[in-house]
Each structure stands twice: as structure tokens, then as C-alpha cells.
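Below, subunit A partners subunit B and then partners subunit C, in two separate complexes.
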Partner chain A sequence: MTGSVASVSAGAFERITRRRGRVRGRRQTSWALVALFVGPSLALYVLFMIVPFIGTLQLSLSAWDGFAPEKTPVGLANYQALLGDEDFWRALSNNVVWAVIGTAAPIAIGLALAIVLWSGAGFRTGFRAIYFLPVILPVVVIGLVWGWIYNPLFGVLNTALEAVGLDDWSRGWLGDPDTALVAVLIAAIWSTFGFCVVMFLAGLQGIDLNLVDAAKVDGANAWQRFRHVLLPGIAPVFTFVLTITLVGAFSVFDIVYVMTRGGPGTATETMAGYAYKMAFNRNFAGYGSAISMVIAIISLVLAVALLRFRERGRTR
Partner chain B sequence: MTAGGIAVSRPADRVRRRRNLAFAVAKYAFLGFWALLCLLPMILIFSTAFKDPTIETGNPFQLFSSVRFENLVDAWTLGNFGRYFMNTIVIMVPVVLGVVALSMLTGYALARFAFPGRSLLFFGFVLGLMIPFFSLMIPLYYNLRDYGLLDNPLAVILPSIAGAGGTGLPLGIFLMRAFFLDMPDELADAARVDGCDELGVFTKVMAPLALPGASALAVLAFMSAWNTFLLPLLYLSGEDSRTLATGLLLFTGGRTQELELTAAGTLIMIAPVVLFFLLFQRQFIRGLTAGAVKG
Partner chain C sequence: MKRLSALSITAVLAIAACGGGSGPPTQRPASVAPPASHAGQASQDPAATASTAPTGPVEITWLVGIAEDPDIDKQAQAQVQEFNDSHPNIQVKREALDNDQLRTILQTRIGAGDVDLFGGDTGPGFGGVYAKAGLLADLAPAYEKYGWETFDWAKARCTYAGVLSCVPGAVEEVGIYYNKTMFDEKSFEEPQTLEEFRTIMDAFKADGVTPLAFGNQPQWPAGHQFSMTLSNIIGREGLDEKLYGDSPWNDEDTVKAIDIYFREFQEAGYFPRDPNAVTYEDANALFYAGKAAMVPTGTWLVAEITDNTDFEVGFFPFPSIDGSKIAPPAGLGGGSFVAANSDNKDAAFEFLDWLLSDEVTKKWSLPVFNTIPAQPVDTTGVEVSPLFQQVLDDLAESSGETSDFGYNIDVLTPAGFNEQMFTGFQEVLNGTITPQEQADALQEEYQKAKAAGETLERP
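Moving on, here comes the complex of A and B:
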């Protein structure tokens, strides 16, 4: 009895003297215990993340076919070669298109649906679950099904176009260099907007409804309420979603590989697909690694920039 | 005065009610359109999976024109999806157990142990969230070859736990550390007074309390391990070790041969995921939104 009282007051005292999670003033945990709790994780993380990451950096400065016993150091030659490689620029520009459309479209759709659901609709959790279904599907399945939809002969899309008399528009959507990238992008947007709905809805549910009412009383119209109450309220979620989709756009691979393998020609080639091809189909491990490093640098710079942006927004 | 007021407001009420009705119709039409768009491809898979190839002649994507349940059996045996299924389980189970157990241990240590270098270690793990798989995949291939692990399920399991593809230690440690930080100190202190050592505090008090967080993480890890594609594509290329994802790849590209077997195989692959999602929707969404909403 007295023991538990003492421990409670000791806990209270400790809480006053230090912030939760801060270790200052507490006795150091024994290294054996730390090793037991952290060791296995750290070993796996170092062996399968850090070591290969450093390996990519090294390889990108070498010429190597993957088999020769020695890697030939070539300095920045791989990166220089990239500058003059038309296929690489094509891939990079496809990634930029992907980043713009593949970020803006799901965010716009997701935000609209989340606001409608949040402002009061029946079956809210039902709708949310349905929108989320495509997000949990394996990429292979998404590629497969959309391949059927785009099928030139029997596909749902061409059948529908013919049904409404737009026969001229029907085509092999994935085989036509003019439409292939957009066709793959649409499948990708289909599979990501539900993620945006769920995230934005979670953000909206954290907004104080009194703020919204107050704005209404003050005569703010729907747009002003959206701009000055809802948008600031979901700002953390918004930057989070933006970071994930934007960074993801520069390492997109799976869905393109499944649907077109980067073709026809280089119409849907992305940096990640190009790195894969160079390293594993043509055995230019060094050159492929240089492309990988470009992806890593773009991702890290974008992620850090967006996180900084978010920090600034929070302190203001 | 009051009577007059009511009389005047009546037509206005009717207008407002009609406008509200129009608004509601527009709202549900909008919500319904996108819901239908999400469901149609699923219906297409379902309908195609049960087509009877012996009586079908016309458009193979005609919805529900025939029904043959044996397709599922054929896909499982003739289509090799039974073996793909088992290969996927062999990868998924250790990944989920590994990610959850190790994330709980390390997340706990980073939240509640006192040792120098703790923040640096946390920062190092979280950095993994920003490293794309493509900046690992090439050297990792040759590393695994040197370890003699190529074409061994461990070639997918170990990098998956480490966080190379999808939900792994970086996300898991991040989530579990936040979970353990939110727990009151008094609980641990009370257990210590009752004679628990530090290990006992974790196993008897804190870990059981963290089970809601751990289950959210487990759901995320399951989804990501079940759907993982590039890791087995690169490191498990043998015919016998294909997973559902890489096995299904053989049937992609809009091919219409053996369509019903492909669709049945697809159904076999997505059934556990969809079922899991419908059962554990709350945990799933909690895990997903945990870091983002609080900021």
C-alpha cells in the first residue's frame, strides 16, 4: 500500500522534473539489455539497407558487368554519360509527368470525396472501405485488370466507346505511344485516390467543428471556409500525402513494369525501370547504379524539402 | 404577426427542401460514381474467374455469362497457384512476425531505455523511410549472391524485414516508439516496485499494452509482404519459388488465353487481402494515419 503510493509520487516527481521520453537523470540501461532489444534490428537494417545503399554509391562510380572479379573505378563517368543519354531524359521527363498528374489527380479527387463524406453522408465507413479497396490490391492485379480494360479487341473501354458511337476513339491504349503513359497513369490514380480519401478524412475529423460554425456565423462562404478553416486544419496530412505521392512518383516501377515493361519503345519508361533494364538485362551494374543514385537524391531532396516546409508551417 | 410569418415562410421552405433534395441527389451521385469505379474492376475479376471456357465463344469480358466453380480448383492445381500460394505464405509469416517482434523491442528501447546515442539511432532507422528500394536493388542482388541466398525465400524475407520493400523496421520502429512514448511512466514504476526487472517490465506490462499498436503494424506488414513484387522478381527467379505476385505476372499484358484461370488465380491472390482488410479495417486505417494526423 505504502509502496504503491511512494511509486506514484515518485513517478509524479519524475514527470515534473523531466519531459516524458527524455532520459536525463535516469540511470543508464545496461548495455546487455540494449543489445538484446536493438541488436537484431540494427544487424538486419545495416546488412540489408545501409550496406547496399553504400554499395550503390560505390558502384555508381565504377564500371562493372556483375561478374568480373574487379570493379573498374571510373569516377563520375557514369553520371556524365547520363547527361547525354536521350533514353534517360525521356525516363526522367516521364517521371516528372507522373509526379504532376499522379499527385494532383488523386489529391483533388481524394480531397473532394473526403470533404463530401465529412460534411455528412450516410454509409460513410462503407464508402471509405470501397474507395480503399483498390489501394490494398497487389500491383500485379491492378496491372492485369487494367490490361483487360484496355484490351484492344474486347476491352471494356473500347466496347463502351463503340456502344456510344465513338468507334474512332477506340484503340490499343497500351500499345499506342501517344496514350500508353496516360493509360498507365489512370490505372495508378485509380489505385491511389482511396489512400488520399482515408488520410484527408482522418485529418478533417480532427478539425474543431466550432471553428467551422464560427466561420459560418461570421459570414464566410463555402470557399472561404475551405480555404481558411479546413485547409489549415488538414495541412499536416496534406503535406504528408503530398510527400508520399511526390516522392513515390520518382521511383515508380511496379505498375509500369506489369502493364507495358516501359514500352512501346520508351513511351512509358521511368528512371527505375531504366535502372532495372540497364543493371539486370544489359549487365551495366555501374550505369544502373548511377541512375539509382539519381532517384535516391531526388527522393531525399524532395522529402527533406517537404518536411522543412511542414515544420515551418507548424511553428507559424 | 406570427401566423403571417409562417404563411410567408412556407413557399420558401418548399424551395429549400427541394434544393436540399437536389443537393443530396448530387452528393450521392458523386460518391456513388467513384464507388462504382472502384468496384467495377473487382466485379470484372469475379465474373471472369467463374467463366466456363467450354461454352464461351464471344466477348470474354461479358459479365456473368456463365458460371463454373471448378476454375478455382484448376487454377490451384493446373495453374500452379497452389504452389505460389504456399511460397507466398512461407515469405509472409516470418516477415510479419519479424517486423512486429523486432519493432516492438527496438521501439521500446528507443522510447524508454536510457543510453547514449539513442536519438542518433532513432534518426538512423527513420532515414530508412526515405531510401527508395531502387537505390539498394543492384548491390543487394550481388550481396545476396555472395551470401548464397539467391532463390532462397530468405532473400526476400530478410530485406523485407529490414525495410527494403514496403512496411519494415523503419516504419515499425517509428510507430511502436511513438506508442511506447505515450504510455504512462507510473505503470512501469509500479511493476518495478513489485519486483520486476527491466525485461519483466517489458514482457509482462508494456508489451501486452502495446498490442493494439502491434496489431495495426501487423496488418500493414501482412499487406505489404503479401503484395511484394519486385523483391521476388529480382531475387527469387526460379520457376519453383515464384510467389503469387510473380506467378501472376506470367499472365499479364492483356493476354486473353486461359483468361478464366488467370482470373481465378487473381481471386486466390486477393481473397485473403480483401478478407483481412474487411475484418481489420480499423487497425489498418489506424496504422496508416498514425504518423500523419498528429504531425
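Moving on, here comes the complex of A and C:
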């Protein structure tokens, strides 16, 4: 019995050992695969995102003109200075305006157009390509084209207004502090709504049409179907688009720089533009880095809050 | 959902941590015109210079601000090619970038040992900062070796804390170009007083012609206009007191200088509609197209104006203001610097010497680039346009640096002051702030810079 038990035990042990070896082998293989697939992109991410992020954080805690070999640590002095910097608060307020209008408008336009296309409008592929076209244009080109449209000397906008008798409305749109920010925003909205269209359309195509039909049978009107069927169906995409546009709104730089350089005066100055100006024009690299960190913090807080909000909605 | 969350956070980090996008374009004038002539140097003979070159082929990287006119930029490249062809041991690689872009990447490129020679402003906001950081080579030995005859005042602009750190570029003057045909049709002469100037501008305005093509969208042109009015009102001595002494920037004279140009002229409708929305190029184009009678800018634009106009163009300094002396802003447009960590300093010096030679001046600097060197010039046998000849005559005797001339303020003032000039003058034009408020803000910025040791020392 003992021998038999011993024999069985030995066989079982051998099988177990063999199985464990296979498992371990599989584990080793899967870790190697993970490293193979994730490693390169992770390395690039660390090198080009995490390292600069930490570098910017370090710079933000120092006084440095961008040239001197030594950086003087100043703790949180740059952040304290920001609190009393009127120009910074003005830039932040412009970003808030940008975030509200520049997020709501492309999402609203994009969602409406996506629903129209999804509902069976003809030439869907063609329209999708047309709407997406501005997204692939370089920002510099968009800025130049809209700059021509707004040009007070030969711009088509003023020409059109004057042609219909609205001479009083024509103006130097980018030179007037009352209109400059909105004018740049319109160009930015034009360049981003196509992205929203494509994303929402992709989300809508994933919705089970039976749910829509069932809602119709139950007597739901168009608004109720949108509110209770479509919107929940595209909620993850909606959150993603909202997050991307909102974060983009707080780090906007290029289109503003091309069209107005933050002017007239500081009427269109944004935080990223102000950070650039402080770091490279005025040689306050530490201070400029502190502004960049504020942008990063605002963006992170917003992104996390939006995702948490979405998660809570799903669990409910 | 988790994947979406991760993607979103990744996007947040990607967008936010990198501080907002790629480098911007610019329309700021290059001001880094190829340096020009000097008389009687041993290095005029290419064969002789080649004999002093290093034994193996050396490549020099030369970073410069791009010229406004692509044709001029092509010519600059051709000039470099000529040097390379005649100097097999030295190959110059010229890289032309937008000025703002150049500022953004230069320090990194120098740190990487990737730049030997570069152009830029000689003021405290650029040359001064690089010198303070120890990034510039001492050029005194090269001056001595090659015997460069640069004017003393120009050398002073290139000297930081006693170290001669650059080779001055072109001498430039800011004034007003005018359409001679239009002036002749109305029998106007170049105005000598502000009253005459107003009369001329009123007449053109009545004809539906833009009197003064001033485009201030890029912001920096306003600094030049301010330099014109302030230089006239207080002269070089008065400016010296502001730059190096204790004279404030918010006194009555400064407010007057701002008020005349940025409030009164704007309200009188002398500029294109909404000048803050008009680019420098569009303003110039108005003039080229005959839709504006005058354009206020600097002598760096002579070549472009000559190329783009089919009418005769004249140039006059801003007229006398209430009996003041006429003192047009003039000075260095920029300079060439050698990186302190360059392994090819000798080759860079040799290239600079070639650029400064009489041969190159007569072939390139004067007739092609229309740039005026900061050293004695022999213009014998050089064919230039009548407009450039007028500018040459205007600047030749004094070389732009006597009490007859004022300063182009933004090349002598610190970055914070310049930033206030650029944004503040737009606000004065808009009526958002008053000339007095702008003057107060300038004074505040200058005091801050002075306290931080960022202002220039009296030469």
C-alpha cells in the first residue's frame, strides 16, 4: 500500500511538476510577449512624456533664465508668484471661455451631424470625409486661412457683410479685443468638429438598433430616443471626446499664436501662450514651467473628474 | 472603459506636459543680414585665407533668422555656396529659421555642440543673456588677427561685461518710405514738420488712399514707430538718459511720443483700418499695390521694396515734432555670434572674415542684400538702386551713430520692457489703455529689469 501510495505519489508529483513547468513556461512566455509588445511604446512614453514631465516639474521649482548652467532652486516661489500675476489670471479666464465654448460647440455640432449621418443621410462616407478634412489640416494653414477670412483689408467676411448692407458689422475681427477671442475660437471649432463627428458616428454605429425600434414602439419621441437610448449608448465615446476637447482647451497654443500672437494686447492670451512667452521671450524658464504644470494639473483634474463621473453613471 | 480611462489620462499627460504645441512661425524681420564690407584685409585673397584653414575639411553650422523675402534667402544660400566652393577645407551649412523658432531651439542646439555660428539681436534680451550664460566665444583675438575695422560704437554693442562677443551685422535706420509718384501728383515734398506730415496724410485720406500702411498684428512694428517719435522728441541724449540714466519712461515726452502715433494718428484714420489685425506683410503689400502712400519701416526692407514696386520710392525720417530735432532711429540690426563650445572657431572666424571682405561687400552685401556694414565702406563701382543709394547717403557720413540719430529702442531694452511695448501699444491703438498708462507700464518694466541687472551698461 505504502509502495503503491508512494508510486502514485511519485507519479502525481511528476505530473504536477511537469504541469507547473509548463505553466511557468507559459508565464515566462507571456511576460516576454508583454515586454515585447508594451516595451517599445512604454519606453517611448517614458522618454518623451514622463521624463519631460518630471523635468518640467523640476524646472517649475527653480529660477532659471533658460541659458545659465545653474538653476537656482526656489521651492514653490514660482507658483506663489502666479497667484498674484494678473496676466496669468487673464490668460486662465480666456482658457475658461475657450473651454466652455470650444468644448460645447464642436461637441454639439459634431453630435448633431453624426446623428444626421447615422440616421441614413446619403453620401455618408463623402460627408464624413468632408467633415474630417479640417482635422488633418496643419493648424498653421487653418490659422492663415481664417486670418484671410477675417482680414480687415480684403477678408471675405467683411466683404460679405458689406454686400448685404451690414457695413456697421464689418471690422478687424482679430484686432478688436471684443471679438478677437471669439473669432479665433470659431476657427478652432471649425478645425475640431470633424473629429467629434467621426467619433460620435463610430459610437452610434455600435448601438443596437433593436433598442431604438423598441423605444419607438413604446412611443418615445425623437428627443426621448436621443436622451434615453442614443446618449447612453455613446456615453463612453462622449466622455472620451469631452475629455480630449476639454484638455485641449486648457493647453491651446498654436492657433492663437498663428492668428493673433495673444493680441490685441492680451485679449487672446492663453495659459500655454503665456507660458511660452515667459519661458522663451522673457527668459523665465522656471516660471513658464510652473504655468505648464498648472495646465497639466488642471487637465488631469478635469480628466479624472470626468471619468469618475462617467464611472459613477455606469454603476448607477 | 478602463482602456478609455487610460487613453484619456495618457492624452492629458501628452498634451499638458509638453506645454502646448510646436514652435510658432513669425514675421519678425531677420535683422541678421549677412555682414558686409571691410577695407584692405589680408584675407581678401581666397587662396591666402585657404592657406590658414585647418588641414581637414571642417563643417560649420550657421543658424540665422530667415529673410522675409524667399528670393533674398536664396541669394544668401548662394553666397554661402560661393564661400564653400572657394574654401574646400571649410564647408558652411546655413540653416535659416523663423526668428522665434531660432530662439526656442538655439540654446539646446548649442548645448549639444551642434552650432558654431549664429545670428541674433545684440541687445540685452538675446546677446546679453547668452553672454551672461557663458555661451559666446571671445572674438577679440579674431578682431586682432584679421584686423576687422568695425566702428567702435558697433563693437560696443557687441561687448558684454568687457568681452567682445559678436561681429555686428548691418546698420539699419527706421523711417518712412513713400510713393514718389503719388507725392509728385500732389506736388508734395518730403515733410519736415509734423504739421506738414499731417497735411499730406489728410490729403491722401480724403482721396481714399491709406496714408500710412502700418500693420501691427505681429506687435513688434509698434516698437519701431515708438522709436521714431520718441527719438525725435528727446534725441539721442534723452534716450541715453532713459537707457543708462535715471530719466523715467513715463515722463511727459514719452507720453507725447505715444499719444501722437498711437492715439492721434489712429483716431485721425491715417492707418489701415484696424492696424492690430493687419500683418506686416499685408501692410507692405498695400504700399506695393499703390493703395497706401507711405509705409513706416526700416532699411532692411529696401531690397524687397525695390523688387516689388514699379514706381519710384523715396525715404524720409519721421519729421520734426513741435520744432524738435529730426533724429531717426538707427543702429545695429543684429550680429553674428560664435558658440563658446564650438570646435571650429577658427573656421568660423575665417568665414566671418570672408563675409566682411570688400569683395563680398561689393558683390553681395550692398547690391544684393542692400545691407550697410558697420565699418568703413568703399562703394566705388557698386551699382545699387536709387532708393538704396538714398539710404546709403543718409547713413554713410555718420554711420548711424551720432547725435543726429536716435535708437531703435527694442534692440537696447530688456525682454520684459519689449513685451510691454508690443502688447501695450496694441492696447493704446484699441483705446483699451491710455498713453499715460502705457508709459507707466513701460517705466515699471524698466525698473524691474534694472533691479534685476538686465539693462545695458552705458557704453
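In this section, the second predicted complex is superposed on the first by the 266 of 316 C-alpha atoms of A that agree within 3 Å, B and C clash if a C-alpha of one lies under 4 Å from a C-alpha of the other, contacts with A are read in each partner's own complex, and residues count from 1 in each chain.
By our rule, a residue touches a chain if its C-beta (ideal position, glycine included) is under 8 Å from a C-beta of that chain, and two chains touch if they have at least 3 such contacts.
What you see is a predicted model, and the numbers here were worked out from it, not measured in a lab.
K.L.:
One more residue to check, A:47. First (subunit B), second (subunit C), both or neither?
P.N.:
A:47 sits against subunit B, while subunit C stays out of touch.
K.L.:
Of the two partner chains, subunit B (first) and subunit C (second), which one does A:198 touch, if any: first, second, both, or neither?
P.N.:
Only subunit B; A:198 stays clear of subunit C.
K.L.:
With both complexes overlaid on chain A, does A:91 touch subunit B (first), subunit C (second), both or neither?
P.N.:
Neither partner.
K.L.:
Given the touch rule stated above, what does A:296 touch, subunit B (first), subunit C (second), both, or neither?
P.N.:
Once the two structures are laid over each other on A, A:296 reaches both partners.
K.L.:
Examine A:277 and indicate which partner it touches, taking first as subunit B and second as subunit C; both and neither are also allowed.
P.N.:
Touch status of A:277: second partner only.
K.L.:
Between subunit B (first) and subunit C (second), which does A:61 come into contact with in this model arrangement: first, second, both, or neither?
P.N.:
Touch partners of A:61: none, neither subunit B nor subunit C.
K.L.:
In the overlay, answer first, second, both or neither for which of subunit B and subunit C A:114 touches.
P.N.:
A:114 sits against neither subunit B nor subunit C.
K.L.:
Have a look at where A:146 lands relative to subunit B and subunit C in the superposition and call it first, second, both or neither.
P.N.:
first
K.L.:
Name the chain, either subunit B or subunit C, that contacts more residues of subunit A.
P.N.:
The partner that reaches more residues of subunit A in the superposed model: B.
K.L.:
Could you say whether A:38 touches subunit B, subunit C, both of them, or neither, answering first, second, both or neither?
P.N.:
Only subunit B is touched by A:38; subunit C is not.
K.L.:
Could you tell me which stretches of subunit A are touched by subunit B in one complex and by subunit C in the other?
P.N.:
Subunit A residues touching both partners: 45, 49, 52-53, 56, 66, 139-140, 147, 150-153, 174, 236, 240, 247, 250-251, 253-254, 258, 272, 275-276, 279-280, 288-289, 292, 295-296, 299-300, 303-304, 310, 314.
K.L.:
In their complex, what parts of subunit A are in touch with subunit B?
P.N.:
By the definition above, subunit A touches subunit B via 3-4, 6-8, 10-11, 14-15, 20-21, 23, 26-31, 33-34, 36-38, 40-42, 44-45, 47-49, 51-53, 55-56, 58-59, 66, 109, 112-113, 116-117, 121, 125, 127, 129-134, 136-141, 143-156, 159, 174, 190, 193-195, 198-199, 202-203, 206, 236-237, 240-241, 247, 250-251, 253-254, 258-259, 271-272, 275-276, 279-280, 285, 288-289, 292-293, 295-296, 299-300, 303-304, 310, 314.
K.L.:
Name, in rising order, each residue of subunit A that touches subunit C in their complex.
P.N.:
Counting only subunit A, the residues touching subunit C are 45, 49-50, 52-53, 56, 65-69, 139-140, 147, 150-153, 171-177, 236, 239-240, 243-244, 247-248, 250-254, 257-258, 260-266, 272-273, 275-277, 279-283, 288-289, 292, 295-296, 298-300, 303-304, 306-307, 310-311, 314.
K.L.:
Once bound in the complex, which stretches of subunit C touch subunit A?
P.N.:
Residues in contact with subunit A: 1, 4-5, 7-22, 24-25, 100, 103-104, 107, 125, 129-130, 132-135, 217-219, 272-279, 282, 286, 415-416, 418-419, 423-424, 426-427, 429-430, 432-433.
K.L.:
In the complex of these two chains, what residues of subunit B are touching subunit A?
P.N.:
Touch list, subunit B to subunit A: 27-28, 30-31, 34-35, 37-42, 44-45, 48, 59-61, 102-103, 105-106, 108-116, 118, 121, 124-125, 128, 130-143, 158-159, 161-164, 169-170, 173, 181, 184-186, 189-190, 192-193, 198-199, 202, 223, 226-227, 229-230, 234, 244-246, 248-249, 251-256, 262, 266, 269-270, 273-274, 277-278, 281, 284-285, 288-289, 291-295.
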